[in-house]
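One chain, chain A, appears in both complexes that follow, with chain B as partner in the first and chain C in the second.
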Partner chain A sequence: MDQLALDVAHLLAGGLVLASFMLLYQDRMTGLINTFALHALVVSFSVAWQAYIQQAPHLYITAAIALIVKALVIPLALHRIIVRLDIHRTIEPVVGIGQTMLAGIGLVALSVMVMLPITAQAGTLAREDLAFALSVILLGLLMMISRRNAVSQVIGFMSIENGLILAATGAKGMPLVVEISVAFSILIALIVIGIFLFRIRERFETVDIHVLHEHRGEQP
Partner chain B sequence: MAVALDLTVQLGQMLIVLALAPLLTGYVRKVKARLLRRQGPPLLQPYRDLLRLVRKEVVLAQNASWLFRVAPYLIFATTWVAAALVPTFATGLIFSQAADMIAIVALLGSARFMLALAGLDVGTSFGGIGSSREMMIASLAEPAMLMVVFTLSLLAGSTQLSSIAASMQGPGIGLRVSLALALVGLIMVAIAENARIPVDNPATHLELTMVHEAMILEYSGRHLALIEAASFLKLLLYVSVIACVFVPWGTAVSGQGLDAYVAGLGIYAAKLAAAGCMLAVFETVIAKMRVFRVSDFLGAALMLGFLATLLLFVSRVT
Partner chain C sequence: MSEPAGFVVAAVLAIPALSAALLALLPDDRTSARLNAVASFLTFLCAVALLAERPSPGPFLIVDDLNVAFIVLSTFVGFTTSVFSASYIAHELEIGRLTHAYLRFYHAMYQVLMFGMNLALLSNNVGLMWVAVELATLTTVLMVGIYRTPAALEAAWKYFLLGSVGIALALFGTILVYLAARAVVGEGLDAMAWSVLVERAADFDPALLNLSFVFLLLGYGTKVGLVPLHAWLPDAHAEGPTPISAVLSGLLLNVALFAVLRFKIVMSANPGALAPGPLMVALGLLSVLFASFMLYRRQDIKRMFAYSSIEHMGIVTFAFGMGGALANFAGLLHMTLHSLTKSAIFYCVGHIAQVKGTQRMADIRGLTVSHPVLGWGLVLGVVAIAGIPPMGIFMTEFLIVTSTFARQPVLAVLLGLSLLVALGALLARLNGLAFGDPHGSREPAKASFVPVAIHFALVLAAGIWLPSTFVAWFQHVAALLR
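Moving on, here comes the complex of A and B:
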């Protein structure tokens, strides 16, 4: 039973890393948002499983928040935003999926190499979760720097937050208050970013952030 | 006496593989046609096609060299050997010492090499396009396949298919994320290698999209029959590898007697039918991708292989 519990936790956390790679691979807006919903779904399953094996009922609430807010509300809002911005059919010119994937694998290797030695005293579950969570966070950062579209950058940012939740639940003992406030700050960030997107769009008639560089007088 | 019996079983397996391969392809075609609400050719149509091709006269291009004539036999032979080595209804047969996954990858690689050479031999532009595309696919698919093999053999402690299947049934494996990644990677490689739909369309002769068909455009008669049979065998081989490694339950073990073999054969047929059905559904719901997207698709397979090996080291620490 114990071994099986560990294996399932491992499988879900690995699935989250895989979903991060799927985010990197997607180049269509709708596909990207659906993949993000999948990402959040995996995170909520992972948290619920942690709640079950750690017998920590408050983690079920975290899982429910992840499920409702990030797997349903935010993807639906993003779908509406991209329809309003009329970019739901755009195919984003992702430069070099191959290179991005290789860089991603390098980041996963890096986080495994960093995390496993420094958490030598912690329990097995916490160590693996921390290694996976660090990879998810780094992959989200990679996604933010490799994309040009502002909406994809928002999605990269939200996937980082999913990685943080995974780290926090694996490490046993994040208070519920912190979790709720994090969830709400993410929602508020979404609203702010949404308004911001419309502002960029009003001024430049595109959400390609390279136009911002030109506006500041930098060379593209 | 025991050796003779083992040899008989092994020979039986080789013949069963050869006999079932066209049936599997015919079955996939039939299911696909039914999904599109068409009647579809009968299940035995691939056998009839092969017979008809064998009876026909061989037409050779004027500038075809000896290589062009030799290649079909070599392609068929290497593919058949590879397919016969994979455990189908029983593991631990007498040749299973040689059923090394790396050897199987190498056999398939040499078959592909011969096919690409034959495509270039006559000097038509189609053959050249087909060969160059095939090599592009191979340069990504083979490393991906090898990464999957490394993952499996690190887990099982052996590269032999029989021992991998045995250790997959054992208690020490459990539910592992690496295995799931390896399975997805292997399926992607199998789709690309067998020229199935998202990568190549086996049913079309539209020149912009074809890879496999472009290379064999100049072949006719028994040469074409051999190449077709080799491609049927390749499909069966990949399905058998996936079934043997990831769904090893119900396979007979050598020396259990006739009953176990017959039961293993029935279960193997059921696995083939399920896999063929899934392949047909998958091919029906998905659209073919552009040739330049293939490298992304296979790059993802390679990435899954890398990731599977990498994550193995995380879980090894436990």
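Moving on, here comes the complex of A and C:
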């Protein structure tokens, strides 16, 4: 495989990690959704590039799903939802942005240190891709625990999913990647419909133990 | 696949899939509840037929000694739950907690869930297994939230998020397994076929396998409800319809554990890889300890039995983690008996909650006086689940603790102690629930007692006398697990 192809693949995968960091410091709902659209756009380019260099045309389907569903339809739907549910103001993070970013840097270092030594046999392409993918997954998890708002938790989950798609396409010749990305899209569509139908604004947000216990039927 | 047996495998998947479509279209509730039960019964019959003859493994589906045990159990409990569900749902409709439209959705989802679980159990391809587990998770999420009360929605949302994260981690683990296999087997479907993975696992890169198992254990472990990944489980059990609690506890947790076991077998086939046992022992023991203490402060009856499920899945995971012929045998039997007992308990609890109109244990008293059959059914169930002889769970817990004593006395003491703690909690609660002056409604319950009776009879029979063919079969499966 020529060097340029590898470099572009790494550039796109690295761009995805960068987009994950951008998600971490968004403090407005609209900004968050737009950044997620960017995240999905980068992953779709990355998958398309993999399809091209691996000569695996079925991956173009995965790229197209990422582009249409996650970069266009979901962000548009989320924009509508936040207006309807009146949550388009600022997001309250559980921990400060600074600490979150520091934790994120730590997670990226961790995933590079974990993945690079043990994937030595897996080939140069898969090697860095997996390290980047694990970073994106861990950053997504970090985002899910550092936000209270249901919409930002869902966006965190979708960024995890983008990381998984990156890992799956990086693993050359993996069967069922398209099927898995379709299954994921259904999952995500259901989550978004769920938010809208059930008008979930903020779950687990209350610090009032009394209310929490009442919800759980645990009140003595 | 050979002709007749291949047809039977297809039927185990096709019957739930087709009846799901049919149930989604049919408007009438009475017929649909019956159709649900009939379809589940047919699936069970096909699963039993797999015991006699099984097809050779294909690229996507496989029937082996391990999964056939799970499938028969799963379809059997699926069938009895559908019978219970028919009477439970009729009452929910009467009091207006569910509307006709939701009921149609409920029945269709029930069969989709059965389809997802059967597919997960039958799949030979680790990617397909992942998709099937995801499908099963999604359907249960939808059903947990079906009452649409704030508490039910919160439970469904929490289950959704935690389940999705677990599933995402499991997918990453699956990708790593594929990478490990690709270096040896080559690209394509073979590198994801479980039968090929086990055969060639000895040559896989151990470091890659180790990392993948950590992700798989955490991912599927979330679905098993292992502490500290259990947070979704009590809410999902307490807030959904009771038949779903029964299916969750009795079946879906097993399916997730089955996925972990599949990968454990691959791990132990590789001499260089980390031993998966200690990880499972640690998570299992932590779950047992945590859940048995958590049993004490419960106020909600379904929530209490949900914690008891965490405890028992912990025991089973512990047993499989210890490994060896005896512990594996006991673990397998314990899992089977727990499924039967816990689902029967939920059948009783479902009717009790309907008659009394509450799930709060403080408002339920003297059941043996006001509702003798339900009350004594609950007593029998709690006696069985707490591990009191002569019920079968006593025997399996005894086997697990004694076989551990021979190898790791400290762990055995910890396990035995937490079993006693759980026993105390359950009996203390049972005393209030079943005996004393009756409290609340005394109306007779319109319940179906047949499923409860069958389950308890089986559990009792297992405690007194196990047929030798059955023992030989389970020992054979236990040997597969290493």
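FYI, the second predicted complex is superposed on the first by the 167 of 220 C-alpha atoms of A that agree within 3 Å, B and C clash if a C-alpha of one lies under 4 Å from a C-alpha of the other, contacts with A are read in each partner's own complex, and residues count from 1 in each chain.
Here is the rule we use: a residue touches a chain if its C-beta (ideal position, glycine included) is under 8 Å from a C-beta of that chain, and two chains touch if they have at least 3 such contacts.
Since this is a predicted model, take the numbers as computed values, not measurements.
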item	value
Contacts of A:150 with chain B and chain C, given as first, second, both or neither	second
Which superposed partner A:160 touches (first chain B, second chain C, both, neither)	second
Which of chain B and chain C A:83 touches, first, second, both or neither	neither
First, second, both or neither for A:128, with chain B first and chain C second	first
Which superposed partner A:72 touches (first chain B, second chain C, both, neither)	neither
Which superposed partner A:108 touches (first chain B, second chain C, both, neither)	first
Chain A positions touched by chain B in one structure and by chain C in the second	none
Chain B to chain A touching residues, read off their complex	174-178, 180-181, 295-296, 299-300, 303-304, 306-307, 310-311, 313-315, 317-318
Sites on chain C touched by chain A in the complex	125, 127-128, 130-131, 134-135, 138, 142, 145, 148, 150-151, 153-154, 156-158, 160-161, 164-165, 168-169, 171-172, 175-176, 178-179, 182-183, 187-189, 191-192, 205, 207-208, 210-211, 234-235, 238, 297-300, 303, 359-360, 362
Contact set on chain A toward chain B in their complex	3-4, 6-8, 10-11, 13-15, 17-18, 21, 25, 97-98, 101-102, 104-105, 108-109, 112, 116, 124, 127-128, 131-132
Touch list for chain A against partner chain C, complex	114-115, 117-119, 121-122, 126, 130, 133-134, 137, 141, 144, 150, 153, 157, 160-161, 164, 167-168, 171-176, 179-180, 183, 186-187, 190-191, 194, 198, 200, 203-204, 215-220
